[in-house]
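In the two assemblies presented below, subunit A is common to both, partnered first by subunit B and then by subunit C.
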Partner chain A sequence: MNQRSSNLLDEALGLDQASEPWPLKGRVVAIEDRVETSGSFILHHLLKRSLSRNSSNVSIFIAFAQPFSHYDRVLRKQGWNLVSQRDNGRFFFFDMLKLQCPVGDEGITPGGGLIALYGKIHKTISALPEISQKNVSIIIDDLSLMEVAANGSSDHVLDFLHYCRTLTSEFDCSLITLNHEDIYSTEDGSTFLLQMAYLADILIKVEPLATGLAADVHGQLTVSNKGRNKASNFHFKVKENMVECFYPGRSRD
Partner chain B sequence: MAAAKTRSSSFSGNLSSAASSLGPGLKCGPNGTVLLSSGIPDLDKILGGGFPLGSLVMVMEDAEAPHHMLLLRNFMSQGLVHSQPLLYASPARDPRGFLGTLPSPAASKDDKSRGPEPDQLQEKGLRIAWQYKKYFGENQLNFDGQRDGKHKYSNEFNLRNPLERHFINGQRVDCFSIQDSPDLSILQDRCTTFLSQLPRNDGSISCAGRIAIQSFCAPQCVYSNMEWEMLSFIRSLKNMVQSSNSVAIITFPPSLLSPSFCKRWQHMADTLLSVKAIQDDDKELAQLLTGYQDMIGFLNVHKVARINTQVPVILEATTFSIKLQKRRYLILECLNQAPVDGSSGTSYGTSGSCSSSSKTGNLDF
Partner chain C sequence: MAKSICIALREGALEGELAPTLTIKDSIASPFGLQVFDHVLSQLFSSILAGKSPSQGLILVSFSRSPSFYLELLKNKGINVASSDKRIHILDCYNDPLGWKDQIVEISSTVTVFREVKHMDKLFNSIIELGRGLVGGGKIRFSIAIDSVDEMLRRASVSSVARLLSNLRSHEQISSIFWLLHSDLHKARVTAVLEYLSSMVASLEPSHQLANGQRGDLENFALIEHNSKKGKFHVRFKKRNGRVHVMSEEVHMEQSGINFTPLTSEGAINQGLVPKVQFNLQLSEKERIDKANVVLPFEHQGDNGKPLQIYDGRRSLVDSKHERAVAVENVQTKEESESESESDRQRGEIIYYRDSDDEMPDSDEDPDDDLDI
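Entry: the complex of A and B
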């Protein structure tokens, strides 16, 4: 139905073949980026792929970073109208920008706000028609802001992610998260990132080139796909309506 | 034109929300954003027009030099000149005193014209059809603004002349000292009240506001060791700014934060800048750069705001020298490599923008 070209990123994720079941079904994808190279374009790309897959696919977007208008405009340039997808019940947007767990409520309702969020996600999925229940993608942008909302309690955030993991086995959802690698690279901070890397089936790292930033190449992607036992590394350039991926030294696939 | 709203092309969108409905000191930017000036015309050019409304600007200070104050002064003066409400918070006991050091706009006859005249530029090169001019970079838009004269989008500021009192009095200027606050709730309330006057709704924007917070994690502030609270405050300020017609600028000394939190703050910023002091007498730098004697510091642009788009802004150069022209006007210049002595065997350096290509380690920021 939709003619679209796949690129190296799709290949690395196994999305290049239009096969059933969806390669990301029941999988956890963790994206790690840095200040110099933002990884949010991968979220947009995966959202696009999820929406274009088949008409029963549903995406739940949990936003801590940007309001709906930003994603709407970005996806519009890629040919997707999020407003109409939302009206058709194929796209759910949870605006978490203002979520702030009250300080010191750990004893009574641990991670109060996050538990409510999980409940909301579970309820939304359960309310879907049977066919869509098996085709849900949960996208979180981004985890470091979820930590801020939880007042720094990375344990609560990890608990929340473990709960979401149960959804991937109960409903076969895919879970796609974004976090910032450079925040955790100090000695004592690396536990959270390691836990996330352990949890993930596919790890995508977005880094600048060793030589710095350039106009033609925005950075490099390293995709480790545990399911297919495969690691790939290639360069990328982000455009308004797509992301170009190519091996070093070539301008396109 | 009723159908225009449902069309996805940005071309028609821009036309229907034309600049006629924007207040003074505002202009349209890319991707449906509205920009306001930083108060430093060179910085506006570098950033592609100015700061977008709804964005958070963060400036990393250098403990050895107060250059971030220059940025703040120009930012605040520009807002007052355009009658934009201002909220200023600083760790000083009496922040209102700082308003006395704000510079006044340069008189028009003092304005130096740098660079080629707009007419000359438009003669050369492509002749571009009128409706596409707005997509071709900042230069075109800037020249239109300058010809206008009456309500300039951005002013040159004369740092030797203080801002006239009438710009400050009778204006919505709120000053707040953050030194003695035990926690950030009071500052948060002040920001909430300030921003509630500037809600964002579709349609015309008559007025935009500016928030300037100086040295946010300065050690004399009581809350400065409450790391997560400070981060929460920045996050909530960013959210409030995103849904209002305002720009917030926060300066902070990165050396006073733990590395991990420093990175978190950097990720929060939409636009991230840093200023660096320059040694008075650094022989190596003097040999490497032309015009070294006039430089008072370096400005580094780490991140430029990308609102409503996923494409990153890659600048030709990210490091600029800060100079005071005639000891009164703040200008930013690309670094130019000095001609190298032929006897050493290396080729003559060419002038032009160069960021990190052949520089030695002392310019790695």
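Entry: the complex of A and C
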């Protein structure tokens, strides 16, 4: 049941193909969510898929939003122990909640923290065994908080994302990011979302239903997959330990 | 038309002329700009290799994609880069544009890494240097392709980017130059600046405009899906003689690549303008003929000398004959003028030509458009 109901999302992302250890390699996945419909469940889902799919898959999680204990709790409900994965070298957690970006310090700019972060990620991937180097997922939660950490400079964040993208070319890793669509309402702010939309190979929009709130359906997902030239739209409901995806009108409850 | 663009770029500049310059412009609603760029790039480079162009080499400045992507792309199009490495060189502004990396792994001898993209003058010098290294000095020309100017605009001011492009365009060794721009990432005036610098502007637009604010609409989603595979391709040419040509095509994204086809018939567009209601707003052929045969009031139909009898609906036809010779204070203005003109038949005539016969009903034409005051 767990496997089957999430299949619409897996199908749209290309994860239903069993041939490769990590079909998202080399791709950039951008998730855009809203206040009414949080998209963090997709991050959890992809993290779970990455870990469960193949033992050589490695995930690097860059967290600005929540501490490690939060993700550990969420994944534990889905049957995964992040602590042991971290100890086994399959899960790397960069806790950015403690990142300080000093302004005005000698030689350290607001972007300096991001340059150092990039260096750390590059070093981590280079130190992996070769078989894992090809199957790395870099997950960022979330970009708006990264912008806050960079003192509001979206340029620095875009530069950082560009360098992460060079990692997808160099190492074939995948980059998965989460951003909030409804916080950018001004003219200047909306270009950041557009930049991400251009950068992304797969764009996932998590939105409420056009008709309003409902008990059975939490929202709808629109997945635009540039590589496969395909777009999918379906509804979802977030449950205790999984997410159920179905076409409109076909909820099981 | 895509072919005409490639021909113009291939032919290059004449002596004393600015280099033909192309801006490829797209937006998120129709994001095929990169594919069009790839198409133009491979066409131009094939022409250069085949000796069909006065340009002897191509410098590719890559910001958005890795140089290995382009080497792979050309290989897939059947172009052997290894044997042609004296004709193409890639300035790599993708892998380390800001100098964050400690060390760079060299991909191939056809690629040079550039690490200071914030400095437009250094970029200009590197491009010219590479070009001269490729084709030699003197009067030998080379072409330039810039992956996307968006990255340049993000990191430097509009004026410095415009200066760089303008200097490239007027350089004596540049045969032709083209670049890609995502128009919705910049203010309209920035896009306008680049368009002014170009002799050709190719813009990609979605086949169907999406209605704003209609989130989650299934119809909107169907349009999104449609727009992800097809679009409209408009090209504006500034010719040497000063005339401007605008041409349009349809563009399709397929597995094999990008395809350009002529636009479908205009009828398809007109049908889109007529609102979808339950009434039949069109005329059938018979209805059209009948309409043409209707005798309209207040028009001179009597051209065979017979006095015109216009029935005004108030008096019988017989009585009106007696009234006609007498000048009466009649409040109906049109009839009065007609009847007066009847009595003045010996002196003059009023000839009325309808000028709205050609106009289709519900047409948007403003009849005051050709007023010449």
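General remarks:
The rule is simple: the second predicted complex is superposed on the first by the 236 of 253 C-alpha atoms of A that agree within 3 Å, B and C clash if a C-alpha of one lies under 4 Å from a C-alpha of the other, contacts with A are read in each partner's own complex, and residues count from 1 in each chain.
Note that a contact is a pair of C-beta atoms (placed from the backbone, for glycine too) under 8 Å apart; a residue touches a chain by one contact, two chains touch by 3 or more.
Small disclaimer: the values here were computed from a predicted structure and weren't measured.
Superposition model on subunit A: subunit B and subunit C are shown accommodated side by side without a clash. Judged by the touch definition given at the top, the superposed model places A:Ala18 against neither subunit B nor subunit C. Of the two partner chains placed around the shared chain by superposition, subunit C is the only one that A:Tyr118 touches, whereas subunit B remains out of contact. Touch criterion met: A:Ala214 reaches subunit B, while subunit C stays clear of it. Once chain A of one complex is fitted onto chain A of the other, the partner contacts of A:Glu240 are limited to subunit B, with no touch recorded for subunit C.
Once chain A of one complex is fitted onto chain A of the other, the partner contacts of A:Tyr198 are limited to subunit C, with no touch recorded for subunit B. Touched residues of subunit A were counted for both subunit B and subunit C, and B has more of them.
Between the C-alpha centres of subunit B and subunit C, as viewed from that of subunit A, the superposed structures give an angle of 110°, to the nearest 10.
Within the superposed three-chain model, A:Val74 lies in touch with subunit B and out of touch with subunit C [touch as defined at top].
Of the two partner chains placed around the shared chain by superposition, subunit C is the only one that A:Asp159 touches, whereas subunit B remains out of contact. Minimum Cα-Cα distance between subunit B and subunit C in the superposed model: 17 Å. Under the contact criterion defined above, no residue of subunit A touches both subunit B in one complex and subunit C in the other. Residues of subunit A touching subunit B in their complex: 35-38, 40-41, 44, 66-67, 69-70, 73-74, 76-77, 81, 97-98, 100, 144-145, 148-149, 151-152, 180, 182-186, 189, 212-215, 218, 238-240.
Against subunit C, the residues of subunit A that register as touching in their complex are 115, 118-119, 122, 155, 158-159, 162-163, 166, 169-170, 191, 194-195, 197-198, 207-211, 220, 222, 224, 226, 229-231, 233, 248.
The part of subunit C that touches subunit A in the complex is made up of residues 28, 31, 66, 68-69, 94-98, 100-102, 105, 154-155, 182, 184-186, 214-218, 221, 224-225, 228-229, 253, 255.
Subunit B meets subunit A in the complex at residues 8, 10, 31-32, 227-228, 231-232, 235-236, 239, 242-243, 258-260, 263-264, 266-267, 272, 302-303, 306-312, 314, 316, 318, 355-356.
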